[in-house]
Amino acid sequence: MRNLEQAAPLVQEIVDRALAEDAVWNDVTTAALIQPGTAGQASFLVKGEGVLAGLGVARMVLHRVDPALQFRESVPDGARVRAGEVVASVQGAKSSIIRAERVALNFLQRLSGIATQTAAYVAAIKGTKARIVDTRKTTPGLRLLEKYAVSVGGGFNHRINLADGVLVKDNHLAALRAQGVGLREAIEKARRQAPHTLKIEVEVTSFGQAAEAIEAGAEALLLDNMPVAEMRRVAQLAGGRLLLEASGGITLVNVREVAETGVDLISVGALTHSVKALDISLELA
Amino acid sequence: MRNLEQAAPLVQEIVDRALAEDAVWNDVTTAALIQPGTAGQASFLVKGEGVLAGLGVARMVLHRVDPALQFRESVPDGARVRAGEVVASVQGAKSSIIRAERVALNFLQRLSGIATQTAAYVAAIKGTKARIVDTRKTTPGLRLLEKYAVSVGGGFNHRINLADGVLVKDNHLAALRAQGVGLREAIEKARRQAPHTLKIEVEVTSFGQAAEAIEAGAEALLLDNMPVAEMRRVAQLAGGRLLLEASGGITLVNVREVAETGVDLISVGALTHSVKALDISLELA
Amino acid sequence: MRNLEQAAPLVQEIVDRALAEDAVWNDVTTAALIQPGTAGQASFLVKGEGVLAGLGVARMVLHRVDPALQFRESVPDGARVRAGEVVASVQGAKSSIIRAERVALNFLQRLSGIATQTAAYVAAIKGTKARIVDTRKTTPGLRLLEKYAVSVGGGFNHRINLADGVLVKDNHLAALRAQGVGLREAIEKARRQAPHTLKIEVEVTSFGQAAEAIEAGAEALLLDNMPVAEMRRVAQLAGGRLLLEASGGITLVNVREVAETGVDLISVGALTHSVKALDISLELA
Amino acid sequence: MRNLEQAAPLVQEIVDRALAEDAVWNDVTTAALIQPGTAGQASFLVKGEGVLAGLGVARMVLHRVDPALQFRESVPDGARVRAGEVVASVQGAKSSIIRAERVALNFLQRLSGIATQTAAYVAAIKGTKARIVDTRKTTPGLRLLEKYAVSVGGGFNHRINLADGVLVKDNHLAALRAQGVGLREAIEKARRQAPHTLKIEVEVTSFGQAAEAIEAGAEALLLDNMPVAEMRRVAQLAGGRLLLEASGGITLVNVREVAETGVDLISVGALTHSVKALDISLELA
Amino acid sequence: MRNLEQAAPLVQEIVDRALAEDAVWNDVTTAALIQPGTAGQASFLVKGEGVLAGLGVARMVLHRVDPALQFRESVPDGARVRAGEVVASVQGAKSSIIRAERVALNFLQRLSGIATQTAAYVAAIKGTKARIVDTRKTTPGLRLLEKYAVSVGGGFNHRINLADGVLVKDNHLAALRAQGVGLREAIEKARRQAPHTLKIEVEVTSFGQAAEAIEAGAEALLLDNMPVAEMRRVAQLAGGRLLLEASGGITLVNVREVAETGVDLISVGALTHSVKALDISLELA
Amino acid sequence: MRNLEQAAPLVQEIVDRALAEDAVWNDVTTAALIQPGTAGQASFLVKGEGVLAGLGVARMVLHRVDPALQFRESVPDGARVRAGEVVASVQGAKSSIIRAERVALNFLQRLSGIATQTAAYVAAIKGTKARIVDTRKTTPGLRLLEKYAVSVGGGFNHRINLADGVLVKDNHLAALRAQGVGLREAIEKARRQAPHTLKIEVEVTSFGQAAEAIEAGAEALLLDNMPVAEMRRVAQLAGGRLLLEASGGITLVNVREVAETGVDLISVGALTHSVKALDISLELA
């Protein structure tokens, strides 16, 4: 999800729900105090350091609350920003700006947090052939935006959902084993039954399983919590004929070592499941 | 939001969106590999340490995917759990369990993360009269559930949205100042215009403003980023006649010191905006 | 709800439902008889006497049916009007005007009826410090608009719904009594459990209860069906320290007498539950 | 709309919106005070005199809030009730009963108000061949239920919306006249263009127009604000070959006189546009 | 449904669902390959022969995907087209055109297929007084558009749904017979109970039944699978006093013979239930 | 989409829209004539020959109209049926059966028509290794069900929508060519940018293009309107290393010849875009 504009109607729905949730249509404080007509200006001020993501979403929030608001970005999504930087400004009715403030910031802070975290992982493996990819461990309801933020941070997207990728995981294999179906047979069954447009990716935990899966024709392997040395052996065996994805227990400390084993993809759940928001505030001039 | 059952239809909508987002209705891997009929059992296994929250949501996820699944909680929401503990189990069609797994865990991990973080703040101020309260810095679309998780962790909820609380914030005051309206006049206007069922809470940044606001009849003060000594002076001045809420820059390190100033409420944005998910997995027996 | 523009998306939903309900998208008579292209003009003609409310809603109806229609208000919402007065006009395709007519009038007539009725109560207590407030006895689905109409008529809004006000009513107290919980304890419990942003209002039916509630720290009292003399005594006891709301059996005949007891608020269910529509028609020139 | 069960899903939607509007999912007072578990009983007590309508809707409200509530009707819709009569009771969690109370009553009171008003008109013309029919002057969003209430009161339903009846009204005729199209030509055009399943009804204001319309083959006439004597002449001319509907300025005072002219239908906007709610309360035992 | 513009919001919903169903908001191929900015032009090229219908729907599809696309029709709906003809063109971002292509064509091809088939039936009965009408045998979810396509092809619409026409069919009569209710009584009951705005149409299968129904006052008859000679007798008996609709087993081979019996309407399920799409493609210049 | 139960909530939505579209909630004929209480039985009677599909959808339709209806299938989806066969029966309120009849049949007839057509293609290539696959040329709004019907008929599903398959088509290649990007470069770009879980399929029209695409690493080729001899050459070159899909101008006459070239997949738009409904009726006993 590199191009959020392509998905504008879906983003709009997410924005609308967030505005409804905050009762932006019935802000009792602002209604009591601020004249609807008075115009002003406000700045989005960054108070931390990181990679910005979500300006387009913030724009949508502002325009939904008041189509007459003028939003101007000073930098694009993906920009590295630091404390004290003004990244965007908005002009128009002060009452509208104040009503939209919190929702706009909630999106911007979370998405920037994800982009920032992703960029750290991407930087850590710079120069290797590996890519950082996300997982389905996203916040319920925000997957689309969170996957976008990962790509803004320089990462790549794994499957969006259960329909657009075949990934035979530990629990599938456990269920199959209980019926006497082995790894090889599972892969063949997947090939026969799953849509022909999708590659067959299989989770393995040892060199032996990896070898078996490769022989059975798997088109990608998820190497789950595998020691680095073992990953290296799998990479040599695979020889570029299929994709290798390292997964499990990846941190900023060990990610480079993993990347250097020769895997193609490194999936990191923490990109989206444990995020520190980037501190950004809106200052009315 | 202490009682999530009261809000069942709203939670159901959030759950349904999460399931749709994950295309749980078209899991191509499971459809290709697992017989719909085969029954089994799986355990929710905690792999970290924290406070559990969201079992009822996980139950809803499972039942929506397959009403015949049997979900059993071993502990209730609010329980302290540690690595290796099985907190719930589910019985029924393996294909259904596998399809629902990720969405159930995404809710459970995030909500438990919030409860865990909240409980740490609550523990830190034990014995003082202060309460830990949340903010509107929640994940868009999940506010209801996140506020529930805060209460599970022992915290209290600030206003849910812009309609159920009057909070005159810095940007309101800035806009009013630009029109020559001072703090006192703002408070009087709010009292006149805002619903009579709501208290008037005002953000102040200094002892002087606090004193002015108290005299003007504010019913609660938000003390924004105020030095501890100054908070103590405000608390003495207030003398329990109105509510005092400390806010801004609160951490586990300084929260007790703040609580001991005599404030009634301490609001912590990080309870919801920067959350580390509690590690929980689902293991098919 | 004084400012309906703030709530535009919510009003739009109500308007869209009303248009769908009338099958405005499939008006078989107009489709059979009137050329879509023919332009014309029509006037909103008042045939009774009252206070106008809902012109913005009528405008929305017309624009939804045909964005090219030109709507011009001659007077604003809140204007006193009398029979024979043209309050607005619309120009554009006659077929569109005819299709939108009934729905536009249904809103305008009902909302103006509410504003008219409210204005009568407001006029009746002119010069006292009391305010006329509405209740939750509104038409299902139209609460937002009906509360707006009350404010157009000079009244004030009580809580919008169960989430934005604490009102401990007779049935709550009955349920608590059955568990041995008295008035004082109920008030303390409400203070402890309910959101701190909301005042605690309690329904009482006698001077004794009122005194007890005041002592227990209630922040507002609903005096239910209390004799005027008793209300006066309660008002003296309260001495302005808390809000007093008179309720039950209020009519245009007795409302002034009630207002003169010194209560702050007088709630009148009939403002919205028993409304005589203001007669308005649309005349095609 | 005599049989509301046939339309259950549509009624459910209306009920759900009403519950959402009242924030029944977040009743802060009840949540703070009443234990979810405590069971009790409550009675629907009538405090006025009239015809009951809407028990099925009240039942739906209660069940949506809490499927475990037991609702028992003492009398059916259509029953004549008087002050002091208990018309239904509900058993189950007190917290659920209290949360659902207002919405259930709002439906019941309004629909009973409509049925009561309709029954008065129906009684006034007893013995004549005429039927009382409703109009499209209903509360936006509630047409289905209001038309049901009219039938409960003994009235009949005119078209539900613009798609299920051809009614050539004054504004249609004005628009056609402006293009040189007369009454006869309009009727022929309607017959040619409108669905063949619908009768052609035409509004006329004089005997002359009525005669012209009859000759042109109209299948029903709406006699708008016509003097009683003139209506009688039209009825004689029509001789039962087509339907005659009297409309405009009908009151309880003049309705019988109108009915005795020989018209088939008498439409009364006030059945739904100006309704006095029947007073009903819910008393927790 | 001759005028689709009148129903624009309903068509928009159908279009939106089709776009969502095709995941037009996440076209992974186009996103990977085509720059969003690059402009181009494409032509809608007909590859068969028929009657065009649905250009307005195609326009809506294109505009929803990208409001900046310029769509130009070369011919209007209803035009006879032949292989090689360009019927419309679109200019704008190539990426948008490609994403919208399939959905636009799916509508255009199906609706043109229906219009083409209808036009063949209409041509076959040219010169008779009969009209070709559609049925409720439409594709679920597309009835509105399919009925529009029938009218584009020169056909007429029977009732849109169960609410806007009374049609007493075989299964109704069977159910009534089982209760001892005969044809005459059924017609009288329908007249008494059904909305007075609707004609009473009854299905009959023999001359005898037809005669009985006419005498009982039916306003239209559906002659089900009746031999041509028998239809002719019924037509003579009816003498233009009521509408006659032939139905069942109508083909292009026998439709003229049926029309010449003197019936008013000939309903053909195959207009919509068995449609050959008109072959149309979109060619990027 | 082999397992429709997995997608039950999505099917329910489609069913609900179809019921609303037919105004099944306001069947004026049935309401006027048939007592809600009277029970009966009806049979689904096949009047043509084919493969049955959609019984589960028909069941859902019936249960939605009346949850008390008892539906019993005599044969499962996929059964070959012939004229005169009763394939299912339903017991319960006659009024409910009659109201649901048309919608249930509309689904059943169309889906069975698709399954029947698919089965004919599948039978024609029996013994070859090729599979019949569908396309995105489905009826807007019904893709899920139509893809299910294809699988019931023995066919396989191509991608469901634009998100779950990479298919570089003629218009993509034209757009790329205009920017100087050739086939090889396009394939490399797709591999780099598109999700790694998806295979890269490319449309080619000649042996030369096919060879180039194979060399560039395409994982599947769509051979568009290629002569049989040329397909055979491509199949020999591919040697099973990648998937080959024949497409364009496939008919029952030439499909076997195409299958014998050695292609893996044969896609047939006519499976869904030009369908003859299977004739099925519902007979009330």
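Order of writing sets the labels: A, B, C, D, E and F. Residues in every chain begin at 1.
Here is the rule we use: a contact is a pair of C-beta atoms (placed from the backbone, for glycine too) under 8 Å apart; a residue touches a chain by one contact, two chains touch by 3 or more.
Predicted model only: the values in this text are computed from it and were never measured.
> Name, by label, each chain that touches both members of the pair subunit D and subunit E.
Common contact partners of subunit D and subunit E, which must touch each of the two, are C, F.
> Could you report, rounded to a multiple of 5°, the rotation needed to superpose subunit A's C-alpha atoms on subunit E?
For the C-alpha superposition of subunit A onto subunit E, the angle is 120 degrees.
> I'd like the Å distance between the centres of subunit A and subunit D, where a centre is the mean of that chain's Cα atoms.
Measuring from centre to centre gives 53 Å for this pair.
> State, to the nearest whole Å, the distance from the C-alpha centre of subunit A to the C-alpha centre of subunit C.
Computed value for the inter-centroid distance: 46 Å.
> What whole-number Å value describes the gap between the mean CA coordinates of subunit C and subunit D?
22
> Can you pull out the residues of subunit E that are in contact with at least two other chains?
In subunit E, 2, 26-28, 31, 95, 99, 160, 163-167, 193, 195, 198 touch at least two other chains.
> Go ahead and list every pair of chains that touch.
All chain pairs meeting the touch criterion are A-B, A-C, A-E, A-F, B-C, B-D, B-F, C-D, C-E, D-E, D-F, E-F.
> Over in the complex, which subunit A residues touch subunit B? Could you list them?
Contact set of subunit A toward subunit B: 14-15, 17-18, 21-24, 26-35, 38, 40, 42, 94-95, 97-99, 101-103, 105-107, 109-110, 113, 136-144, 160-172, 174-176, 178-179, 186, 189-190, 192-195, 198, 273-277, 282-284.
> In their shared complex, at which residues does subunit E touch subunit D?
2, 133, 156-160, 163-167, 193, 195-199, 201, 219-220, 243, 264-265
> With touch defined as at the start, can you tell me which subunit A residues reach subunit E in the complex?
The touching residues are 1-3, 5-10, 160, 164.
> State the interface residues of subunit D toward subunit B in the complex, per the touch definition above.
On the subunit D side, the touching residues are 16, 19, 25-28, 30-31, 36, 64, 95, 99.
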